[in-house]
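Both complexes shown next keep chain A, but they swap its partner, so chain B is in the first and chain C is in the second.
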Partner chain A sequence: MKYLSLIWDGIWRKRGRAILTGLQVLVAFVLFGLLQGMKSGIDDAIDKIGADLYIVQHATGFSPMPLAMYSRLVAVPGVRAAAYESFLAGTYQKPTQHVLAVACDQDSISATIPHGAIVPPAAVDAMKRTRSGVLVSESLARKYGWKTGDRIPLETSVLRQDGSLTWTFDMVGTFVPGEQSLSPDFMIINYTSFDEARTVDRGTVAMYYVRVTDPKQGLAVAQAIDKLFLNSSDETRTESARESIQATLESLGDMDFVVRAIVGAVLFALLFSITAMMMQSIRERTAELALLKTLGFSDGKLFWIVLCEVLTLCIVAAALGLALATWVLPTARHFTNINVTMPASVVLAGLGLAALLAVVTAAVPARRLQVVDALAGR
Partner chain B sequence: MTQFRQIAALLQLSLSGIPQRLGTSLVTVIGIACVVGVLISMLSMGSGLRRIAIQNNRADRAVVSSKGAQSLFASNLSTSTLAVVESAPGIKKDAEGKPLATAYVAVLVNTRRKSNHVRSISALFGVTTQFFKVYPEVEITAGRTFRPGLHELIAGKKRYEQFEGLEVGDKIRVRGADWTVVGNFSANGGGLEDLLLADADTVASAFGRTTMQTVTVLLDSPQKYDEFAGALKANPALEVDVKHEAEWSATITKTTTGILDFISYFVGTVMAIGASLGALNVMYSIIDARKREIATLRAIGFGGGPIVVSVLLESVLLSLPGALLGAAIAWAWFNGNTVHPFGTSIPLAITPALVILGIVWALVIGLIGGILPALRSARVSVTTALRAT
Partner chain C sequence: MTPSVALVGVSKEYLRGRESVLVLSDFNLEIPQQDFVAIMGPSGSGKTTLLNLIGGLDKPSSGQIYVAGERIDTLSNTALAHWRARHVGFIFQFYNLMPTLSAARNVELPLLLTSLSGRERKQKVAVALDLVGLTDRAKHKPGELSGGQQQRVAIARALIADPTLLVCDEPTGDLDRHTAEEILSLLQILNRQYAKTVIMVTHDPKAASYAARQLHVDKGQLVNDAVAVSA
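This part shows the complex of A and B:
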């Protein structure tokens, strides 16, 4: 710690250069934080989905399944609770403002909580009392300024019995979407009245959710469910919710590779840049370093001092960059409707990378200093 | 000496000194190469998508969709609407006098990616009989086309190349029944190659659909568009949008290209900021090292202006090899590869236009990196600099 002032002076020897190098590191780690944070944030959200949650879908694509399957599903041993959902996709006021309504039975949803959404019991009661009722997620209600009591019309492509494509609902309350919900903006409507009013796919649901009593037996229960409906016209494919979402995100394709390529390129360029700056700095300070050597500092100690300088600069700048990225990341939801927060693992990985960068950078210019050469100004 | 000769002399002096400063020059080159490489590679996704979308667009094809629809799946037209569209004026007729108009119903089916066996969705279009006459660029390259009323489909080039089980003779399970792949087709590199095609009525009844998505018509000539569109718009019973094929392609790819371009420019800008800081750093240290040299030059009569310009030019010129290196790396790694963002297949092509954009980006970085040090170099007092060590 007695070398602290030496290290500090070393960093700020050329103030402009220190600031510029620091800013470079900061910018690089903002990018690292945003890209890696987005990717890891999504992975983390998927992990938060309970291991006991399974999704039952039609085996061959996006076909609806009969509601009659529900009673057979609940009777399968190992199933703790089950729920069903149908979807109504529409637009509100403008063709670009998309809204998704999820039609379900309130009691079974409360027992299964497939989206981790917290619905207050008062709201559940209100939904049961109002056939055309709708519960809106808090963020969605804020987005369009909806309040309880509002009438919300949706333009859809689903034809109603009365011949219209417009579905109108009465807002009876709000709910808080679960932490693991990647897309937290949706509304909940009553399945019974939705099914009665539509002309297509009547008596069917889009998917079933199942909570198993023991996650370790999950695979066995899933297979039992699929066996139940094998060779019928409604064969099912039951998989854990985590796997299902990963398959959906698969459509984001090679983004993984792209992110890694970008981060790699950025860090590579940064490495080069900082190494060059350090070499320049050491070359300029040859006389000073040689003086320190005559005073008794060993080569090793000098290397440590140089290393600490680079380390401090890199880690502080990286920390600031990662902090900025953490602050900016949640705003991504405005563009992509994906809700992520910066995982701590990414911040730690970033700091680790910064330290590694510093070590590699410092190792290059560190070479034996000949006292005579140095004092002679060579 | 005139200004230009001064600048030329100064430039020659500083450029000849680069071998001594190889390290720092290399830093700028590499930093800029990384920025340009990444920017060009990412932008090639957006431009690739745009290229596919307009690849086969013809001035004599028009698309009718339901009013306000911004995407394929959002558009729904009833059978009565289809009948009205097909009887509109301006549509070319085939040898039997039937209008060359084709509608389709779009559904999604499950397929598996060849590269990692992960389940991924593919689009299946159920098309009406006139489809192949309206889209003559579609060619059967293997097997035969599907027969109406049967569970048969054909797979486009981009699908059977990237996804499992879509060769001639393979079967895929759709809605509880096996459908046979009876043929493969190509479509001159256009977006149709990313689809599976089957008979409209068969698909509609299998999926319980009562509406079709859009109608495409082949007009007698491009000049007939106004007559065709006018007739449909004048009809009060219809709620449709009529667009040139190129307009419709732009509409449905707008969101995806928008996202891809936004990400590309965002990342490119952040990296450019980093590279500019690096360039600034390098140029400041170069100026610093050459303080005595610059002071000497000023003492012997070189004007402040030419010195500023020569430093700026040096910075800008240093950025050029970086840009070319970055473009070369992007070309070597990405040209010809196919990526799959959002379920579409985009073959990447590093076009001359992209390379030029990369060079401009690099020149701007060189400019930003050079201007402040250039101004500083001219401001230092001569006597102070001559005394500097």
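This part shows the complex of A and C:
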């Protein structure tokens, strides 16, 4: 504490430079927070998907499968529960306002399907009573200002039995997507009424979800399912939901590498720039540091004083940057449609990184000072 | 009585590029306690090097240095730093004050290395500033003080840890005649009334006349050692 005034004066002796350096660190850590937060948020969401959840798709990957498979699936030994869903993609009012409707059996919304985790029982009951009912995720309802009782028309490419491409639903409630749901903006409709109203692919589903009794036996159960439909027109490919989503994300590119490369480059550049700033600051203060040594301050004590200056600057600026990133990250889903919040581990890692940055940048300029030379201005 | 400072066969050489330069050669000197010594000599004669060795800022190439009976040339850099903090007060030609700190904070610096509480440090700073007549300037920064006032702050800082030895390198070199005389009188008071051993390097014979003893150094050798007629 008694060195506080020395440290404080050291930081602010060039106010403009201190502010610019702080801003540099702040911006770098906003970027770090956003990229790392996005990546960790997705990893967290994937981790939260239960190990017992498996996805059954057509072997081709995109063909629909008959609904009749459901009863055979639930009869496979090791299967605890199964559910199915189909999709209706449409637009609301403008061609650019895309909305995804998930058609499923209402009894399995909360229990089996991973992304509709928190649905109030009253809303499920309302869906059962209303064939044209729709449950809308809270964020999607907010986005378009929808409320319970509203009629929501969607323009689609799926032809209805009545010859129309417009599907109109009655909003009966909202739900909160589960934490493991990557996309927060979607709606849930009744599979039965959807299937009855459409003209194509009737009696089929896009995919099945299967919960296995023992996750350790999951692979064997998946193999048993695939074996059951082998050599039929509806051959299946069953895989862990976690691995399936991971594979989908990996197909977009090596996100890990991209994030590490960008963050690495930014921090490396920051390391050079702060080291240069500190070296310049120390050079300007050579005579003052020599004086402190003359008065009896040891090399170690001077190093700690310089380190505390850089630490304070880096930690405060990085904390502000990470706070800004934490605040901004949830709004990033407007652009990415990915539902993420800043994990605490990223904030801690960021602060740790800022401390490491400070130690490295302070170690370079705080080399041993020859007091006689420094006092003589050499 | 143990001498305040004793140099025994001290030599000091520096490397300038590849060339070795002998600055002090087989130098022997004894300064009794409570003495006021002026070291004079032409530029490059080795007087500042001598002062740096006595003050523990540098180490000799050979020979032994004792201050208050303690051999200091064998101390490690860290031990020497601690020793300086306890035993030596430094006064420089250009004051060497921290420009961003107030006069009081500058004076307080040596006390930061002690275990004194903030309150005790504050009390000691007030006493030291009062001694040099700058109580009303405690909150002023060096840039807001005259040269003479800055040197008084430097003297208060040199005194604050109550060292037995004051090492002064051209303390009046940057001051006008009148202010210089005030500073020299202050040093004389510190020597006579507060029993401090004062060793001062100066070019100025008038300043040297304030000392009780004058040493003349040339080419790294002690060429004359005389008792001065006090000013």
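Simple rule for what comes next: the second predicted complex is superposed on the first by the 367 of 378 C-alpha atoms of A that agree within 3 Å, B and C clash if a C-alpha of one lies under 4 Å from a C-alpha of the other, contacts with A are read in each partner's own complex, and residues count from 1 in each chain.
The criterion applied here is as follows: a contact is a pair of C-beta atoms (placed from the backbone, for glycine too) under 8 Å apart; a residue touches a chain by one contact, two chains touch by 3 or more.
This is a predicted model, so every value here is computed, not measured.
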Problem - chain B versus chain C as contact partner of A:5, first or second or both or neither - result: second
Handout entry: Residue contacts on chain A - larger count, chain B or chain C
Key = B
Practice task
Return first, second, both or neither, reflecting whether A:53 touches chain B, chain C, both chains, or no partner chain.
Solution key: neither
Practice task
May I ask you to decide whether A:268 touches chain B, chain C, both, or neither, giving the answer as first, second, both or neither?
Solution key: first
Exercise for the section: Could you say whether A:362 touches chain B, chain C, both of them, or neither, answering first, second, both or neither? Expected result: neither
Exercise for the section: Scan A:293 for contacts with chain B and chain C and give back first, second, both or neither. Expected result: second
Practice task
For A:225, select first, second, both or neither according to whether it touches chain B, chain C, the two together, or no partner.
Solution key: neither
Practice task
Answer with first, second, both or neither: which of chain B and chain C does A:69 touch in the superposed model?
Solution key: neither
Practice task
Sort out for me which residues of chain C touch chain A in the complex.
Solution key: 52, 55, 57-58, 77-78, 81-86, 90, 92, 96, 98-101, 105, 109-110, 112-113, 118, 121, 157
Practice task
Using the touch definition up top, name the residues of chain B that touch chain A in the complex.
Solution key: 23-24, 26-27, 30-31, 33-35, 37-38, 41-42, 68-70, 74, 76, 107-110, 113, 118-121, 173-176, 207-208, 210-211, 259, 262, 267, 270-271, 273-275, 277-278, 280-282, 284-285, 288, 339-343
Fill in the blank from the handout: Given the complex, residues on chain A that touch chain B span 14, 16-17, 20-21, 23-24, 27-28, 30-31, 35, 58-63, 95-96, 157, 159, 200-201, 233-235, 246-247, 250-255, 258, 261-262, 265-266, 268-270, 272-273, 276-277, 279-280, 335-336
Practice task
Show which residues of chain A lie in contact with chain C when the two form their complex.
Solution key: 2-3, 5-6, 9, 12-13, 287-288, 291-301, 371-372, 375
